[in-house]
Each structure stands twice: as C-alpha cells, then as structure tokens.
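Note that subunit A is present in both complexes that follow, paired respectively with subunit B and with subunit C.
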Partner chain A sequence: MARTAIPGGLSARRAWRSATLADRRPETAQAVTLVLDVPDWPGHVPGQHVDVRLTSEDGYRATRSYSVAAPTDGDALELTVQRVPDGEVSTFLCDDLRRGDTVEVRGPLGGWFVWRPGQPGPVLLVAGGSGVVPLMSMLRARPAGSASPFRLVYSARSPEDLLYREELARRAAENDGVEVGLVFTRSAPEGDRRGVGRLRPEDLTGHGWSVDDAPTCYVCGPTGFVESAAAHLVALGHPPERIRTERFGPSGP
Partner chain B sequence: MTVTRGFHGRRRDSDARLPPGQHLTPDFPVLSAGPTPLVPRDDWELIVATEDGTRHGWTWAELMALPSEDVTVDIHCVTSWSKLDTDWRGVSLDTVLADVDTAADFAMVHSHGGYTTNLPLEDLLDGRAWIAYEYDGDELAPEHGGPARLLVPHLYLWKSAKWVREIELMLDDAPGFWEQLGYHDYGDPWREQRYQGD
Partner chain C sequence: MNNESAADAAFDGNVMAGPLSEVFAVDITTAQGRCRGCGTTSVIATLRVYGPDPGLVGRCPGCDDVLVRIVRTPDAVWLDLAGLTSLRVAVPAGVAGVPASSGGDA
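So, the complex of A and B:
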C-alpha cells in the first residue's frame, strides 16, 4: 500500500484542545451537525476524524471518534454526529450540547482514508448511512471546475435518513463533474425506478463509470456495508490497492 | 480540567479490566484499511524470515499439526472499544519460533493485502502472542483476519495483524502501516499509547 504523510506537527495533533459549540444544524431526526470553534485548529485533510472528549464535574470522562464533515475553514470544525441508540456520548452531543458549551477535541487523526485536493484522477465515494460524513468532507473540498470527476453512491434506509440531502442535490445539478446515486434499503421515494434493496454491483457501475476509469474508491459505513461494497468493487475488477475503507460498527455509543 | 456543562455520563464501564479511555462493546467491530483479502487455505503459508535471509515456512496443514492453545483474553482497539473474555484458538508464537535462530530484537508482521505492523520480538514470546485461527469456537471469519491472524492482546489490536503471512525478524525497529501514519510504535493500552508521542 502507498502511504500518505500527515500534515501538522505530531505534538499539535495529540494535544487536547478546548472547543466551543458555535452552531448546530439538524441534518435528520437522528443526526446533527455541530460547528465547533477550536482556537488555533491546525487544519485537517478531507476524510480525517477527531476524538471528542467529554468531562463531567467530578472528572469522569468519555471519548469517542467522529468524522469531520467539511474541509478546513479556519478555527471552525464541523462534525456530523449520528445518534446511536442509548449512546453515552452521541445522545449528549445530539440532544444536550448547547451553543457556548465546551468540549475537548484532539486531532486530526487518520492519514490513510483521505483525499487531497489536487490528487489526480476520478474518485468513487461509496457511503452507507452516516459513513457519508468523511466522504462529504472530500466532496466539499473538491474545487469548482476540478478535473477530477466525483461520483457518490450513497445508501440510506429511506429518504428521511439522508444526510446533506439538499446540498447533494444542488451539487449534482451543477453539472460540474459531481454525480450522486442514491440507494434506499427500506423505503424509496414514490416512482423510484431502482426500488428498495441493499447495494448491488450495478449501483456501482451506473452513469458509465467503469474500472477502466481507474477511480480511487473510498468506502465508508457500517461493517456489513463496507464488506459487501468493497467485495463488489473487487469483483468488478477494481484493484484492491485503489480501494480505501473506513468501517464502524455499533462500537461507539 | 475542561468540564462539559451538563455531562454526567453513564459510567457503566467502570470495570477494573478496562484500560484508560476505553469503553466496553458487546460487538466485535471491524476496522481495516482496505477490502478483505480472501486467502484460500490451500494457498496459505506462514513465513518467518530472519535477519540473515533464512526463511522458515509452514503450510496450513503444518500449522494445524502444531500444538494449539485455547486462550481467553481481553482485546482493546485504539478507537476506544474493548471486548472482554474473547475466546480464541491458535498456535503460540513460542511454538512457531522455537527452532528459529535469530539475534533480532524487532519484528515486522506482513499481511495479505499489504498491511504491516512492527513489534518488539519479546512481545511475541513468553505466551503472549498467537497465530489465531478460531474465534469463539468457529473458523476465524475473513473480516476478522481469517484464515489466520496474529493475536497480541496485551497491545492495541492494530498490532494483531489480520491475514498474517510473514513475520520478518529485524535487528532494528521500523514503523509499519499505521505506525507511519502517526500511531504509536508500541501501543500499550494501559499506558494509553495511541499516537506517536503518547
């Protein structure tokens, strides 16, 4: 496997930093985007994640990892948090954290599942559920007029579960090399020709994209989804070394 | 101390067997950098290569012929989940390395798919590391590293390389895949050695 260097000094990335909630935007009934103000944030590469730490008054701490949802923008750090049923940290972040409240973050973390603006060649993004978050950071980092076409194949349970729904529709409509294919596993909009069902190989080959286009593939989602999507990509002939995966199970409540 | 207003936490994870910063999971999450390699047992081979270029090899049948051990251990992932009392069967690396002559102090473990990770050789010895091929009484599933993976439960789980194919013994340490990407060279969960410099 090829390797990529990590930006920023190591000491900068391992320090815990105070982060203040500047804004929050509901994305779906179960997910919220938090905009944190992190003074002197060193910046990150699209696809990276951060650790978020919560501390109670008596010193009890809980730490979880969350993907960054948007490219570096000064001291503003955007995380999209999906509520995990009974999740200790995600339910607090989704339901209780208010503007002006303080948490701690450290990072950026992860130097493999990244896309750097300027990295040549087409990009195939394959998202299952909230696995779309780090991929959205890549999509948002793609400069207008980029020579690298992007295709996002996004699997969600239903239209109501889609994160960034309007923004994705807008970006796809701009005719600027971004395509979005939606896959619904439980309920689809009326008239949807694909129908309901888990990701199929043909979902990954639509719009004339083929192995010959040699895209770099980024797959993110729950374990079962990533196993299946990555296996489809390999079976379609994509070389394993061009497929990067990021998986999460129900591991971070 | 930076307190987050209103956060009390659940504190259900106050188990003395839980290293700092970890929480329990009943599941077995999967973390890998790429697609799961499918390695047929007929083609499987374990290589131990020493610093002078000597190569020792075991086929699947030869591995199965070695004495196995049933081990019950706690495992800790750097992404902060821990799982207690996991049941494995495998061959101790003390057995695998018993007849290997080496002056090496370090090992680079190579996997199918290109993954690597580095460890001090002594951490692979003295009943602390196995080539594991069963989990919870069943064949080890491919997404968890089957047919066989390294199991080094006293270090963070990225050191327990899935789909192991070669153990390269080295006189000098060198960083593996995640270690080059900023993760700790040793990875002791009890000292919370997650990232370089921790």
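So, the complex of A and C:
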C-alpha cells in the first residue's frame, strides 16, 4: 500500500491529538511561546505548522494554524502565538490557557515552506513581524558548525516587538555562520544607523550574500510584507524558484 | 503561520494543508495546479487564500480566478476544485502500486 510511505502514517498526520500545556514563556507584551506536550508526536520539519482546535463547553469550535517555533524535541511542541486584537483563538491561547489545560492539534502540516537539515547551501531568512516564528524553527535546527551560513533579516515595528531578541543576539555573536539584520519600521534603538523604514533592497544584500552565492530564500510575514520582500529579491536577481513564501494577514509590521 | 486576522485576510495555500489532509493521502499543498481560466501552473501553497471562515478560498496568482474552495461542516468536507484543469502530484518513484508516471498531468 502506498500509504506506508507516508512518514508517521496517514492517520497520524490527519488525527486530532490532545495537547497539554506544559509551560508558557512570554516573548513580548503581545506574544507568548506555548510548550505543549503531545504524546507520540511524530516529529516535524522546520517551517511546518499545526492546526490548533478549541472546543467550548457548548460545542462551538474554532481552528487556527500556528507555525512550530522549534525543531523536533520528543513530545514537546513549541508554538509562538501573537495576540491578534479581537482574535478569539489567539487571545484565549495568550491569556487564558493554563498549565495542564488541553487543546487539540493536527499535524505536522505543509511540505512547501520547509528547510530540511542537510539541505545544502546558504539560507536567507526574511521575516516580517511574527513571520519570524517558522524561520526561527529553521535557524534553531541549523547544526552548530554547519557549512551552510544563515542570514536572518527581521523587520519589526520596534525593538519591544522583537520575538526571541536575546537568543538572536546570542546566536549572531557566536561567530558560527549566523547573521542577524534588524529592520525597524516605527521606532529604532537610539543610534541605529539604518533608521526607521520599511524593508529596502539594500537590507537584503550584504557581504557574502550576493545572488551568486545562490541562497535559498524563505520569506514569511503579512501579505504586503511578503510581496514586497519577494519583489525586492527577484529584482536583486534571485531566481523565483529559490524563493519560498508564507503569508498571513493584510497588514504590515 | 498565524492565521487569525481581520476579515478578508489574505493567507496562502500553506494554510490549506490541514483541511486537505482530511481528504487526500499526500500533501496537496506541494502539488502543481493548472488554472482553467488562464493556464498558469502554480504550487498550491502559493495560491492567495482568503478565510478561514466560513471556508478557505484559493485564487490563481495569475488571474485571480477561484481555483480551490474548502468548507468544513461538522460532518463533511466540501471541496470545489472546479477552477483547476489538472493537479500534478509528485510521488516517490517506485512506490508499490503507484507507477512513477502517474505523477504527470491528469
């Protein structure tokens, strides 16, 4: 049967699983990382997402998709959820879900916007706002000492809106082939030489990051951001087939 | 991925992976679909998608025609693929029971 070729088995990927909140870490004033315990989690590829389903006491159900924020780690599944004003699922997950509470998850999902450890060549990650979450899963999956350099260009409204701020600074300081470039659209730290403004083509270039280095590019963020960033990459000469995108929502960071 | 947003938000075909997994045995978001309207071939993950409620609507990046609609009711998945003339699904070569040539356009 063909289905035996599907990793984790067909029913495993399709099934809704019970997931228990094991831990929660605030990331910013508006975002939290949830660590869910999912018994027999089959593992996932960096960049994949899960569907999260909530069921209220009266049977009403709501389902939303969230990127996984970290590589496979046994039964622990990390999601970083950005609070959306009036969003019924994100506000519940950010404000009301307590340790020991359960939700349902389905996945891992999506085979397009993924980076497979072992995939050769440099990687250029371009994030707008909470679009950094699946890219962080890729960055965290990069083995120490890897020959594949990674560069993350991360656009956020302000320094206070940065997810994973300390970890990104630490990874960039390790001199292990990870570069992080920050772009601020509303307010920048004092003395920031770039100044404030939306992503510009020159933000995507840099020493060792020319088109000739042939990086695979992953762009994730709100729709307007993704379209503009992908257009910049194409204009710089990156072939469209090496640009992968994931977009959500209408507004930019 | 963080698909809770304002009404009429534009997502992309990546968000269809979960609902499609209820119907198909393989990941259809990596398949290539051909638009009946303009003939553009697109990876399903790259469609512009509106939703998620009451359902997901995937549009052609070439001409904006509706290619895929998915609505989940309590006991059924409604799937409308009328905007596609073909769907090319890559399969691992040599999988038992599935000739490698079946990955071509329908």
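The rule is simple: the second predicted complex is superposed on the first by the 240 of 253 C-alpha atoms of A that agree within 3 Å, B and C clash if a C-alpha of one lies under 4 Å from a C-alpha of the other, contacts with A are read in each partner's own complex, and residues count from 1 in each chain.
Here, a contact is a pair of C-beta atoms (placed from the backbone, for glycine too) under 8 Å apart; a residue touches a chain by one contact, two chains touch by 3 or more.
Computed from a predicted model, the values in this text were never measured in an experiment.
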| item | value |
| --- | --- |
| Touched partner set for A:S18, first subunit B, second subunit C, both or neither | first |
| Which superposed partner A:T216 touches (first subunit B, second subunit C, both, neither) | neither |
| Touched partner set for A:S65, first subunit B, second subunit C, both or neither | both |
| Touched partner set for A:R247, first subunit B, second subunit C, both or neither | both |
| Subunit B versus subunit C as contact partner of A:S56, first or second or both or neither | first |
| Subunit B versus subunit C as contact partner of A:V234, first or second or both or neither | first |
| First (subunit B), second (subunit C), both or neither touched by A:L109 | both |
| Which superposed partner A:V84 touches (first subunit B, second subunit C, both, neither) | second |
| More subunit A residues in contact [subunit B versus subunit C] | B |
| Intersection of the subunit A residues that touch subunit B with those that touch subunit C | 1, 3, 6, 10, 13-14, 51, 63-65, 88, 109-113, 223, 245, 247-251 |
| Residue numbers on subunit A that touch subunit C, as the complex places them | 1-3, 5-6, 10, 13-14, 49-51, 63-67, 81-82, 84, 87-90, 106-107, 109-113, 130-131, 133-134, 220, 223, 245-251 |
| Residue ranges of subunit C in contact with subunit A within the complex | 1-6, 8-15, 17-18, 21-22, 25-27, 29-30, 43, 45-46, 48, 52, 72, 91-92, 95-98 |
| Subunit B contact footprint on subunit A (complex, rising order) | 1, 3-4, 6, 10-11, 13-14, 16, 18, 51, 54-57, 59-65, 88, 92, 96-98, 101-104, 109-113, 223, 226-227, 230-231, 233-234, 240-241, 243-245, 247-253 |
| Footprint of subunit A on subunit B - complex, ascending | 1-11, 21, 23, 25, 27-37, 77, 79-81, 113-115, 143, 177-178, 180-182, 195-198 |
